[in-house]
Amino acid sequence: MSIYQCPSPNASTNTCDVLKYLIVMLAVLWLISVGTERLGYNWQWYRVPRYIFTFEDGHLAAGPLILGLMVTLQISGISLLLSFAIGLTAALFRLSDSHAARFLARCYLEIIRNTPLMVQLFFIYFVLGPVLGIERFFSAVLALSLFEGAYTSEIFRSGIVSIQKGQWEAAYSLGLGRFDTYRYIIMPQAIRRILPPLTNQGISLIKDSALVSIIAVYDLTMQGQVIIAETFLTFELWFTIAAIYLAVTMTLSVLVNFLENHLSVQV
Amino acid sequence: MIKVPKITLLDVVIMLVVTGILGYIGYRITVGIHYKWNWSAIPQYLFRIDKNNGGWTANLLLQGLFTTIRLSVWATLLATILGTVAGFFRISKSLFKRLLGRTFVELMRNTPPLVLIFIFYFFVSDQIMSFLGVDDFIRNTSERTQSVITFLFAPPRFFSAFISAAITVAIFEAAYITEIVRAGIQSIEKGQFEACNALGLSWRQQMQYVILPQAIQRILPPLAGQFISTIKDSAIVSVISIPELCFQGMELMAATYLTFECWITITVLYLTLTLSLSLAVERLEIFFRRSTA
Amino acid sequence: MRIKPSSPEDIFAGVILAVITFFMVCFVSPVLAGDIQNKLVAESTIEQVMKRGVLKVGMSTFVPWAMNDKQGQLVGFEIDVAKRLAADLGVKVEFIPTKWAGVIPALLTGKFDVIIGGMGIRPDRNQKVNFSIPYDYTGQAIVANKKLAAGFKTLEDFNKPEVTIAARLGSTSVTAAKQFMPRAKLTLFDDESQAYQEVINGNAHAMVGSAPTPAFQALKYPETLFSPIEGTFTKEPNGFAVRKGDYDTINYFNNWITVVTAEGWLKEIKHYWFETKDWESSIQ
């Protein structure tokens, strides 16, 4: 039986499969707990909640982990906007007539896409930081924006290139200059097509922002490391942090799906 | 007629701006922060004279580069196996398998790799390594086997850490390879599947003789791109002290405090590695495009 | 009921059975009693190390406790201690460089047998691992940025919310900084050198680290750094850390430390690595 000849799924095979899946997931969790017991690790989940939130004077106060999450979201948000700006500029440079612009964009893309983000973070913080006088938070934002900007520029470029040539020709015959063509004709259509991949960049950014902990920016991962260094609640905290990241990125994924379904272009 | 490149206004503006920025940076480095360049200290970290046989051998930085290459190669191999299996799960007719595949991919793609590394480092290495009893086995083999293992993987004392790092990176990359495999198989025209049905081939025969040979041509170029991605992602394992290139860079910076020279050298080393591989991948893509044309 | 007469095979089997039972009774009781003891010994880290033939030591780069020299080999005070320990045990030594902030979890998950890396004995760490008796005493020192911390002379000067202190994540410097300068902001790094770099670059007012390195750094970069306070402001014992519940191993280590201290060997190598700078050329 081939892939395209599935037996029509009926309720009982579906529930059977779902049950099997749940059993496998539970088995995995059980394996984890058994495995760590063998190591002599003593789980202390009851110590974790105070790092998420605390009750102070009768109202809810954010614990270190939530504060770190705020910083993560802040860095990701600012970097996202900045990376759009950088990416759009790089895409336009690559498509322009100017040799210098194309060369510059190409250099930028090749360097950024071929070196690890960690190396770029260290480079910007330890080398460019003292030179240009940029402090920690902005170094992190700059490094993330430059890194994601390279991938965003490819998205922008593919969006612009996907607009049919007829649109360009019509704009030219109407006497519109290059800038006006981009502004009124090309970009509005291109952006509708690339909005889902662009929002995917947001998810990428949140994941990559975890790396800024290596230059001691107090984001979610850094806060986790500090707490673990003091309390040694290694596994509990790493799983909690992973769960928080998952919650944020899954929410964004749902948003992306929603956008994809409602903005899909019928070409 | 020789084509003279047209100089546009944008060209001029860009060249002025770039020169201005470079000039400013140069000024700040020499006058602003009085950085004392010391490039002469770097080459000794690339090569050193081996006391035993008097020849040149690789020192920390090059050793880190080789470790990065080995780590990426093994991680990609493992990830391809795991990713192919998961890819088949994703397109399977069984909902159970589809759910498993989807969970795996979504979990790995939505968690930051840094967090995954920390979690796997404390779990994977112990469970799997002590289960396989690899450590003691490696220690007790002959000199020659040990040198082969050192060449292929890592010196015996780093062996289990290396394998854990490789497995961790492999699990992470496998999520992306799953999608590549899935896209490759789903890009085969429906007609092929229908023809297989008409011929009465079983699922296994269909995959083996018809679908996979065609899909592999579409999968290989993105797979090679994923290999290059793995080289970059391998930098993350430096946080668990695997002596690969980024880690050696941090050690170098710690030993000499020559931040500028150190990070410029590391960037150049990574660029050399990935750019040369990118060129090779481009050749590969052209080869495959020609053979399917 | 008639008792069946025993055939020769039956008698033979009966005798064998009796002999076996006799031996079992003789040996089982002491075996049962000594069994728990044997198990403890067999599971002890020292036994496993000797069986394996290698002592796996977890450490982190910490000048001058452990550093890489120009040949890429590990050298330092802790390296010498570990090498001597392994030699006395009759096994080889393997160093597993680990991120300092994760060194205790790594020990707990079995990545190495013992932490020999200038680890300070602290009650909160003691809740997770067992320590040997102290073999070394260190203290925290502070080095500051000349421009940012101009005129600061006491620890109280640094105890202000605008002041940033850099330190190594997971080290006793963090505890010391929190204890003496609770209102200052802390920036924590995995590596000591990154923390020093912060101060040199002017992103932090001061760095708290284990002596003697802060003083060395002040000497190395006299234009940017200075030592606001001479000497150390805390005194901390350092010990070997092993997994909990292993009396055999702790006993061995404690006695080994007592012996090498009595020999004067520990004092000798401490003097070499901490008070002289003869080793500097081999790492620079």
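First chain written, first letter: the chains are A, B and C, and each begins at residue 1.
Convention: a contact is a pair of C-beta atoms (placed from the backbone, for glycine too) under 8 Å apart; a residue touches a chain by one contact, two chains touch by 3 or more.
Quantities reported herein were computed from a predicted structural model and do not represent experimental measurements.
In summary, the chains found to touch both chain B and chain C are A. Of the two chain pairs considered here, A-B and A-C, the higher C-beta contact count falls to A-B. In terms of the distance between Cα centroids, chain A is separated most widely from C.
Distance between chain centres (mean CA atoms), chain B to chain C: 34 Å. Averaging Cα coordinates per chain places chain A and chain B 20 Å apart.
The mean-CA centres of chain A and chain C are about 39 angstrom from one another, to the nearest whole unit. Each of the following residues of chain B touches two or more other chains: 118, 122, 126, 239, 250, 253, 259. Residue positions of chain C touching 2 or more other chains: 102, 105, 109-110, 190, 194, 197. In chain A, the positions touching at least two other chains are 39, 126, 130, 214, 234.
Against chain B, the residues of chain C that register as touching in their complex are 52-54, 56, 60-61, 67-68, 70-72, 94-99, 102, 105-106, 109-111, 190-194, 196-197, 200, 223, 283-284. The touching residues of chain A, when paired with chain C in their complex, are 39-41, 126, 129-130, 135-136, 214, 216, 222, 225-226, 228-232, 234. Touching chain A in their complex are the following residues of chain C: 101-102, 104-105, 108-110, 124-125, 127-128, 169-170, 174, 187-190, 194, 197-198, 201-203, 243-244. Listed in rising order, the residues of chain B touching chain A in the complex are 5-8, 10-11, 14-15, 18, 25, 28-29, 32-33, 35, 91, 93-96, 99-100, 103, 106-107, 110-116, 118-119, 122-123, 126-127, 190, 193-194, 196-197, 201-203, 206, 228, 232-236, 238-239, 246, 249-250, 253, 259-260, 263-264, 266-267, 270-271, 274-275, 278.
The residues of chain B lying in touch with chain C in their complex are 34, 44, 48, 51, 59-60, 63, 118, 121-122, 125-126, 130, 136, 139, 157, 161, 239-241, 243, 250-251, 253-257, 259.
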